[in-house]
Structures are given as structure tokens and as C-alpha cells.
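In the two complexes below, chain A is the common chain; its partner is chain B in one and chain C in the other.
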Partner chain A sequence: MTLSTAVDRSAAHRPPLAVQVVDWLSRYSAISTTVLLLIVAAIVTPTFYDETNLRTVAVQTSALGIVVLGQMVVLLVRGIDMSVSAVVAVTGVIATSAAGGGANIAISLAAAVGLALMVGLVNGLLITWRKVPPFIATFIMFIVVSGALLAYTKAQTSGSAPAWLRRVGSGSIAGVPLPTIIWIAMGLLLFGVLTRTIWGRYVYSVGANPEASRHAGVPVFAVTMSAYVLCALCALVGGLMYSGYSGYIDQNLGNNVNLNSIAAAIIGGVAFSGGRGGVLGAAVGALLLTVLTNMVVVAGLEIYWQLIAQGLVLIFAVAINGLRDRWIRDTA
Partner chain B sequence: MTLTLAERVARTRLGPPSSWLRRNGAVVFVYLLVVVLYAVAASISPAFGRPENLAEILRQSIALGVVTIGQVYVLLGGGIDMSVGMTARVVGLGVAVTMGATTIPPILVIVLGLAVGAAIGLLNGVLITRIGATPFIVTLGMLGVLSGVALAITDGPTDVVPDFFFTMYDAAIGPVPIAVLVFLLIWAAAWFVLNRTTYGRNVYAVGGSADVARLSAINVHRTRTLTYVISGVCAAAAGIFLLSRSGVGDPGLGQGLEFSSIVAAAIGGISLYGGRGSIVGAFGAVLLVTMSSNIFDFLHVNGYFQQLVLGAIVLVGVSVYRTRGRQ
Partner chain C sequence: MTLASPVSTESGSTEPLLELRNVSKAFGGVQALDRVNFTVLPGEIHALVGENGAGKSTLVKILAGAYVPDSGEVIVSGESHATLTPQRARAAGIAVVHQEFNLLSELTVAENVFLGMLPKGRLGAVSPEKAARLTTAILARLGSDLDPRRYVLQLSVVEQQLVEIAKALAGNARCIVMDEPSTVLSPEELKVLYAVLHRLRDEGRSIVYISHRLSEVFALSDRVTVFKDGRFVSSDNTVEMTEDELIRRMVGRPISELFPERVPSIGEPVLEVRNLTVPGKLFDVSVTVRRGEIVGLAGLGGSGRTTLARAVVGLEDVAAGQILLEGTRVPRSPGPCARAGVVMVPEDRKAHGIVAGRSVAANLSLPSLRRFSRAGVLSFKREQSMAARLIAQFGVRPASTRVSIHNLSGGNQQKVVLAKWFDTSPKAVVLDEPTRGVDVGAKSEIYAIIEDLSARGVGVLLASSDLTELLGVCDRIVVLREGRVAAELNRSDASEESILRAAVASGTSDEPEIAPQAPQSRTEKQ
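This part shows the complex of A and B:
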């Protein structure tokens, strides 16, 4: 082999600038956009950095972030969970009605956990055993669960959250809000489990190629089931944080959690086609989405800019991922 | 056993009834449900079985039905369109506001509204095919943007529409509303294009396997993009029709149409993985969904329980009938 062909080959292997930019964006766009937003906030809307507002952003990010952790695991196994917002809403109502009825904490918590387990199991069974597409299965569960909620509450505002839950929502340790501590603890735990255990490896393997995983002896059924159960449980904890923080519960609780949790995961680099993504990205996605929403409020813009900005960020994120995948395929 | 190609073709064309039933199981199942449901409800409540109510069920199914046509095209082409509900809302509200604020002839406003729907679909299609973005997420982002735009147009009921619109909604030949006739014609046209034209064949081919379609010299990008344009126009038409039904620009217009159209298509046997299913089944599923809520009204099912009951029925249906996934 002559020197010139070797040089040619190395030149051919260096991707063009556009590819490099897209690849960099797909890796760091969420974090760099967040940093950019925080700088813009410092210049345009200094009130963003007021202590009360920072606390609001931290708690909202944490509540969403906890739900996103579960949504991410489901996305990793090539699924999607459209029932999280119903679980969030039901959790709030169960907690409140327990407070009104004078039942103790343990019983109401057990009821909420039982319900979340059931939702996760039914989702998983419909998808693995009955081969219903994840989107349809979880959406039907959303209809059933929120329908049951509607039948139970008669669309009345349910009232205020119990005192212990409000303490969790508004408490802090060393200046850090409790929900944020819970979120970080859950995130670290999930990070460890995903990267250091066999179950974590199975999750990525099932998402990357379910057929090959089955042939390799991976328990695809159990892994998929566990992903949906975990997601429902995360939605339960997220629901507790939402209702504890806002202090009251109405039928709008958890309204946008479905779309926001999926959007946050995708923005954070979790692949919709499964098998790619991680805890850090999902966390940054939740932060970006919350900061964006909060800045619209702080800047005094009309509320519809929230929806438009969220939508545009989501489209941008998925376009970047799409370009990256396409170029990887073309150069492969 | 070996077969010649000609014999195989003959078998697929004129196979035994059992294989026909297996291929069209979903369609038969849906229409069977429609008939059984109708018979049961009519025997319980005689008013339900009257011809006027049948026409009313058809009229109630128009909005969902038209949106479902577009959704079926997109799904068959291997995509999914989450933005249809908000497209209907933006176009419906936009048409209401434009008619209230300007003196542009109504027909022109309607055409403009349909064009806006086509433009939204085109944008979806270009983002998905040219950039390679995931259909679900792109159209979900579009849902967010459009719901913001709708909120920017109005956050309360606005602009009573001209009488012309009510005439359009109420006009009838004998007992049959003209809107229903047009609706049936649109479905017939949608069936014809899918089953009797090259474009329809291409949609199935592209959804079945994009790579094979590309090797067969089908323009995959253009075929797919056009399905989103069709879906956008259908959604816009549904938005305008919903406007004519309520008479005012309702800020809640089109809520949930994306989900109900996808669920209707799925119940009707359209594969969510693309390339498989018949639009005839989807029509049956639209009838089924609309008839169910109409029956609830006749049987005086408490409004707060309707969603639970409908959800439970669909849940049982889906878990009994095993959906066929990607082969």
C-alpha cells in the first residue's frame, strides 16, 4: 500500500464539517441549549434567578424528571408509555381522599402503589403477551384509568394535599428542595442499575434488537414487563411530588406530563427507536423543558409561547437525531 | 409441496374462504360488532333504531371519519400523524376569526383553510422524509406548536359563523343530510385511490418495505410526504366541519382527534407498523366508536362513566383480538 492511498483513506474517514456539527449537537445540544438559556435568562430576565423562582424551577424539574426516568427506561426497550399522566393524576387523588377520610399514610400509599403496579403490569402484559403496539396499549390504559378517575371524582376539584405530602413538596435539606434530592437519588440509583447490572444490559439489548436478544437468551418478556412497572412507579412518585408541591389537587394535575416526559427524554438524546440514551441526558432534557417553560412565564410572554417553544425544541431535537442517524447509515 | 408461481398467484387471488377470513378477520370482526351493537341497542331502545337516528350517527361520525381517512393513509405509508387534532383546531378557529373580521367570501376562506392544512402536512412530510426525523415525535412537536398557535388565535369562544355554514350542516335530501352523502363520497374516493390507483399501491408498498419500494423505482419520499399532505387536508376539512356544527369558534375544537383516529384505524385492522390493513375496516371502526357514544346517550349512561365504559370495551376488544405485528 502506498502512502498516498493511506492518506486518501484517512481523509475519507474524517467526516465533513456538517456531519461533525450535527454529531456534536446530538451529543451536547441539550446541555448547551440549557446553558445558553440560563445565560439569556441572566441578561433578559434577571428575576429568573430570584430564590423563590429558582426553587420553583428545581421542584418542577424534579417532579418531571422523576417521571422522565421511567419514560426513558420504557423508550429504551422500544416502548412508549402514554399512561403516565393518568397515574400522576390518580396518585394525587388517592393521596387527597386519604387525607379527607382520615385514613393513615401507609394505607393510602399502599393503595397508590398497588394501582401503579396494576397499570404497569397491564401495560406490560398487553404489549408482551397480546402483542398490542405500545402506543395503543398504554393509551387505552390512559383512557381507562382517567375514565375511572372521572367517574370517581365527577370532575370536581378534589381538595388539598395531606400535610405530610406538603411537607415533602416544600421541605428542603441544606437549601436543596426535598423533591430534588429524591430525584437525584433515584437518578443515581437508576444510573447505577442501568450501567452496572445485568438487567441494565438486558434493557439496552432488548431495545437495540429484541429478536437477537431473544435468541441470545435474554428474558425479553420479563425485561419489558419490568420496564413498564418501573415507569408506572416513577409516575407515582412524580405524582406525589407534583401534588405535594402545588398543595392542592384538581383534575388538571398531570395534564401535560405525557407529552412533556416523552419530549424531555427525546430532547435528552434518548432514541425513540430504542437502545440508546441515558439518565444524564434524560435529566438535562427535563431541566431544559422546565427552564424554557419557566422563562416564558418570568419574561411575561403570553402563555401560548410555552407550547410553541416546547414544540419547536422537540422538532429541533428529533431533526438533529434524524440527520445523525441518516449520516451514520450512509457512511456505514 | 412445490407450486408454480401461477398456482401461487391463483391461490392468493381465489384462496379458500378460510384464508380470506384470516386475511380480513379484523374487517369482518368490526362490522360484526357494529351489527350486533346496533341490533342490541335497537331492541333495548326503539328510538335508537329509527332511520333518523341512523342518519344522525353517520353525521356525528363525519369529523372523526374524515380525520381517520388521512390517518389511514399516513399509517399505511409507515408513519403516524399526531398533529391532526390541533390542525383541525387551528384551521377551524382561523376560519372562524377570518370570517368574523374580514369580508373575504366564505368559499375562499374555506379553500384557504384547506391550504393551511395542506401546508402543515407538507411541513410534517418534509421534516420526516428529507431530514429523517421520527414521525411520532415530529408530529408530536407539531401538536405542541399548533396548540400554542390555536391559543394565540383565541382563548375563548369567538366569532359566530355566517348562516351559510348552518345551511351547509343542516341541508338534506329527504331524510339524508347532504353532509353525510358528501362524507360517503369522500370515503368511496379514498377507497378508490388506495385500491385502484398506482399511488394507492405505492402507499402500501412504501409502508410495507421502504427499501424494496425504492428498489422498485417508487419515489418513497414523495409518496410519504403526500400521505401527510392528505392527512393535513382531511384534518382541516374536519376542523371546518366541526366549526359548522358548533357555529362558534370553540377553543376546545378537535380535542383528542389524533388519538381517536389512530385508535379507530387500529381497531379497523390498520397495522401501526405500516403497509397492512384495509380502509373498509377503518370505516367500520369509526362507525363503531361513534355508535357507542350515541348508544350511551340513548341508554342515559352517566356522562362521567362514558369514558370508563368505552375504555373498558376497547381494552377487552384489544386483548381478545390479537393484533398482527411486523412479520
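This part shows the complex of A and C:
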């Protein structure tokens, strides 16, 4: 909404060039940075464009992107979910134990879904009913679930993903990796749901002003709960993609997903303060982060550079958003 | 009003302290100020009035140095400034006390007063003792014995306002601009503020006092300037002005038209509150509202008006009693209540009324989304047409469904907050301070909306601290005192005096004013 007023204003009387540049960058910062990176890659690390590498980037982007979809919805209702990486890890373990123990797919999937639902519900209950701050509530869940996982696996999580999952992870339709197709399908669905349904309206409204929403009859608790449940389910699907693609599970699966999913959403223009952001931005954010990480690998730099590069991109994204917020406030 | 103001009418020859000449400022296509002139003399309290959108806030921000005028000049003590920066404004002796205070609640009074210029002691280190001493001296000039070592977060609203004023004095301000200082104050606190402002004037400083309440203009100011639609209308000595004339200049219509003609047709009880108890706040309160009836809810601050309004739609923990809508118990949260047919418009528009950042259409449709959707999927077309219809019906300006609601003026925001419930076809409506912080023009429109509701057979419960409003609109007035029903007055028996008598505990000698009313202050002037 703030976007449209910015447009109206600039149409009526042109703001200074610097302001226009900041506004343009903030709206398209993720996209423009990604394009820039892709150009840099072509010059500096041409191997980035090898077919196998492109496929890797696509699958990694998709797995992260799916988790980001859920994280975005949580951020939209003024929350944050620090438990997604635990859900990703649990999903991997359940998938492998099914392969090892010979349990059938339906049962192991049901177990994973049940666990994700439980994590989401407990997160939501702690936050709505017990009024625990979202960061703390979900971080507690992260600790509990990771701990349970360690106890269950005796810290020796390793094994192969079942064949069906590897097929999902490595399969393609018309040259497009299956995880990417699943990501795009989920993204389109969520886009439609957020923009065209009552629930979507409620999500944005609760994020923009929970108290006013409650006074207007919005079921704030239910909406908040549903956001955390949805986020856990997205993390579950993301976890399946991660483990199916890598083909094996180790205890590091999902390690960086917490911060990466939040970073991707923020880079994509989702506001930490809730109520602002969308699927397209979140998707581009996931792409940008993954491309960046991959380029560091392809360029043969040490892995630690990834973190530095990610940090710099985050600073850039947050700075641009901050500048734009301030400008809008000053001219309002 | 006991604070009759000495008037400095003979000061025609004095050089103005502050003068705005042909100042214009536009935002996009909106001309917020159009070649306005405004002159403040030394040692006067100068009231600035006008509807929302008249340009008062823009003027304040120009004086504060926050906005640069497109054209015109600001002259302070004979020195012309084409552009005032916040620093230059301060150096020139202008201080602005905003409606929302700029205080650091974790710091002490003295630290706030001398923020950024803490006095230094020996060795160049800041000296809290010296700051405290100087602050005590400044506060004494204001007639206050507030302890400078207290933390701001422990202070009441009026004490915080004192700190703001002390801050201005510490910076040696000669002209203090007060932007709607009274909206946050109780009547008792208002008296304190008036006394402080009179002292400042007697020191030779000037006050620009911006207010929505005309009674204050007459009680306090020496001169009054009217703005309308970004233009200067008039400046007069307050004693030569009448309230009717002031309103006519602000809105272009006389006060008699403020309240709509009312021919009530009252039916069966629709909303019944029976023996309601909310621990610590309400005790055994019973109120009945009939179809087509407007029932006023009066009482001092803290008497339980807001608690009752909130309790009706399930926002308070009720310990005992019942709330019935057409004989059936109402649900215990706002959404189901709205579907059952009872809605509440909250007192705090910013925090509870509007969803800032969202469009007017999204705000209007929020309570009734189900009506524009099938299986949870929205129809934008139906939503937009509903929003456009409500905007036209309620006279929301600008008449756009897409504009962000926080870009609207307070009055127009309030119209949206009221309008959003109309499509839910309520049977009973509870309004908590529906015209607070709203200009005269929007007020009369809101009264017309309330009247229209009752004409359609809706029962209205109107909680308000504005006695003029209650007397002008209501068929019956229930007075609360300390969480209990103190009196129930019919329209014919109700007067400002009878309401006040019921609102304050019997035997109290000093009579607090709920909302000092205009006609009174006028008679005192004569």
C-alpha cells in the first residue's frame, strides 16, 4: 500500500534523483542485485553456467525457496520462526529411517507431517495463548526438536534417502528439476491465497495492526496459529527436497536454513515489522542468496567467504529498505 | 472557566515576534498551505484553529524547521528565513511541543530537559547536580515542584508535558508552539497547563496554541487565527469573537446545524446489559438500549465508560452479569459479535481503529470479507464497489478506495472506522468517543451518521466525555461513577449541571469539569 502512495507522489511532482534511485532500488533491489550477480558470474566464474551447476543452483534455490514461503507468512504476521531448520533436519531423519527400517512411504510421510503440524501448533500456542515472544518460543522449539533428534539418533544421523525421495530430488520434467516445479507451484498457490482470499487479507491485516484487526473481528489467534503451522509444513517439504537432492542425510542437514530463510525474505522486501512483503520478493531473495553462495563455491573461494558475502548482501538490503522507509515517513 | 484571560489588545504597535508572509507548501497535488500570513506578537497566547486539513500541522512543521516552504518567508524577530532547519528554528527561539512527546522515558526529568546540552561541572564532566538545580529553577517558573531526578516513565501525561515545556525554556525559546496539547489531558490537568501558559505569557513569551476545542480558545487565548483549506481566513482579538462566528469561519455554517434534527422512534429493547461486573472496573451495571434509541454514557475519566463499551463485544473479562442482544446472550469476541449484530467502535483510533499501511478499501471490508467471497476467495470487484459506495455515503475524502488509510485526516479516518461496520447491518452499535480529535465539520457529519443509524432502528450506545455532544445527540444519558450507574437522565432532565452532579461523588465541593462547555465560557467573557 505504501508502494502505491509513493508512486502517486512521484507522478505528481518529481522527487530528487537520489530519492528516485533509492525507491527504485528498494523495489527492485533483490532482482537487480541478482541480475548483477549473474552478469558478474558470466565474467568471473563462467563455470557457473555449466548445466550441472545450474541444476544444483535451481534445486538448492527451490529447497530454500519453499522454506522461505513459510517463513515469509510468519514474518507477515509480525513473527519469526527459528525452528524451521530443526523441522528440515527431522524430516531428513524420518525419511532415512523409513528407508533403513523398511517402513512404508505413507507411514513415514504421515509421521513427518504429524511432527511438522505439532511443531507449528506448539509454536502458535506458545505465541498466541502464552504470549511468548515469537523468537523465544520458536527458538525453544528448535532446541527441543534438535535435542530430541540427537537423542533418537544418538548423534549419528547418517544414511541414504529412500529411492522415491531421490527420484523426486533428482528428477525433472522437460528439463526443469522437480523441486523447482514443486516450489513454483507452491509459490503460485500461496500468491493466490495471500492476494485473493480472506485468510490472505487477515494475514496482512494482523501483521499491519493486530489490535485493530481484533477489534474488526479478525480471528487474530487462529490466523497467527495458521501461519506457524503453514511455516512448519513448508519446512517439511523443503526438508524433503534437501534430503532427496543430496541423497543422504547427515546431522548438518538444514543447519543454515533458519538464518538463510529469514535473510532471503528480508532481502526480498518482507518487512520485519510485519504486514508487508510478497511471494515474488521472497522467491527472488532465495535465488539471490543461493546464487551468491554457489558463486563462492564455483570461484574456488573458501567457504567462509559465503558468510561474509551473505552478510554484505543483507546489510545492503536492509539499508535500502531503511532508507526507503525513512523517505516515505518524511514525505508523508 | 475561571481562567479569564487578560488581553493585550493595545499591542498594535509592537513588532511581531514571529511572522509568516505568503507562505505556501504543497504535497503532490495537495496545496497544504496557500500564501498564508500569520503573525504572533510578543507576550500573547495565539490560538490557531481550523478543520483537519486546514494546514495547521503543516504550519507547525514549517515552524519546527521540518518542512521547507515552497515560497514565502518566515520572519523571526525581524530576521527573515527562507528555510528554517530544526537547528535554526531552535536558535531563533521557536520550540514546538508536539502532541506526541519527544521524551526519553528511561532518562530523568533533568536529563530530558537538558538533552544534548547537559551543563558541565568541574573537569568538563557533565554535572547531574547542576542539571537538576537548573531544572528545578525552570520548573519553579512554571509553578511546578516536580522532582528533576524522577524518571520520565514514572510521570503522568501532564507532567511529561511540563517537561517538554521546560525543555523549550531551557533552550530559551521565546515562542512555544503547542500542537493540540489538550487532547491527552484530563480537565484537572488542563487547568495546570493553562496556569503554566499564563505564566509564560506573563514572562513575555508567546504561545501558539493549536486546538480542536473551541472552549479552550475562548478560555485561554488573546487572539485567534482561523485557517481553512490551507488559506488564512482571519485573525481577531478573542474577546471580539463569538463561538458561532468562529465555527462559521472554520466550516462555513452555524453551530445550530452541528447536531441533526432528531425525531426519535424508539422500539423494543435491543441491547441489554444486566448486572455486569468487571473486576475492579464495573460493578453491577445495567443499561438498556432500545431500537432506534441513542443512549449516552457519561462519566469522568476512569468511571468505566470504555470498560463497558469493550465488555459488550467481549474484550473484557466479565465476572458476573449478562449482555443480551434481542434477548440472546452475545458472543465473547468482536468477530462473532459483529455477526450476531452488535459492534463497537473503539476510542483509540490509531491503535484499535485503523489498520495503518492498508488501503481504505481493505480497512472498510475487513469486518465483512465473508460477504464478498465465495469459499474464502475474494471478489475484488464487489469489494471495490462496496468500498466506493461507503466512501460516497460517508463523505470520506479523498474519495479513493486505494489510498492508504493513514494518509487520511483524523476525521476521515474516523468515518472509515464507522463506515466499515455498516455493511454488517448491525442491530446495536457501541461508540466510544467517536468524535475525539475530529474537527467540527467531520463531527457534524459523524452526528448525522449516528442519527441515520438510529433512524434505521439501530440501538446506539454513545460513550463520550463531551457533554455538548451527549446533550446534542442522545435521547437518554446514563451517568457512570466509579464503575457504577450513578444516574439515568432523560433528554428533558439532562443538563450539563445534572450530568456533572451525578458524575462526581456527592459532597465534593470543587466541581471538576468534564468538558468545559462553550456557552459557559462565553457568558463569563461578557
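What to note about this one:
Basically, the second predicted complex is superposed on the first by the 317 of 332 C-alpha atoms of A that agree within 3 Å, B and C clash if a C-alpha of one lies under 4 Å from a C-alpha of the other, contacts with A are read in each partner's own complex, and residues count from 1 in each chain.
In the analysis below, a residue touches a chain if its C-beta (ideal position, glycine included) is under 8 Å from a C-beta of that chain, and two chains touch if they have at least 3 such contacts.
Bear in mind that the values here come from a model prediction, so they are computed numbers and not experimental data.
When the two complexes are overlaid on their common chain A, residue A:I198 makes contact with chain C while staying clear of chain B. In the superposition on chain A, A:G217 contacts chain C only, with no contact to chain B. Taking chain B and chain C in turn and counting the residues of chain A each one touches, the greater count comes from B. Once chain A of one complex is fitted onto chain A of the other, the partner contacts of A:M72 are absent, as it touches neither chain B nor chain C. In the superposition on chain A, A:L240 contacts neither chain B nor chain C. Once the two complexes are laid over each other on the shared chain, residue contacts for A:I303 go to chain B alone; chain C is not touched.
Shared contact residues on chain A (touching chain B in one structure, chain C in the other): none found. Across the complex, chain A meets chain C through its residues 1-2, 4-5, 8-9, 12-13, 196-199, 201-202, 204-205, 208-209, 211-219, 275-276, 331-332.
Residues of chain B touching chain A in their complex: 80, 127, 131-134, 136-138, 140-149, 151-152, 259, 262-263, 266, 272-273, 302, 304-312, 314-315, 318-319, 322-325.
Those residues of chain A that touch chain B in the shared complex are 80, 126, 130-133, 135-137, 139-141, 143-144, 146-148, 150-151, 154-155, 259, 262-263, 266, 272-273, 302-315, 317-319, 321-323, 325-326. Partner chain A is touched in their complex by these residues of chain C: 26-29, 315, 333-339, 344, 346, 351-359, 362, 365-367, 369-370, 373, 376-378, 380, 402-404, 406-407, 420.
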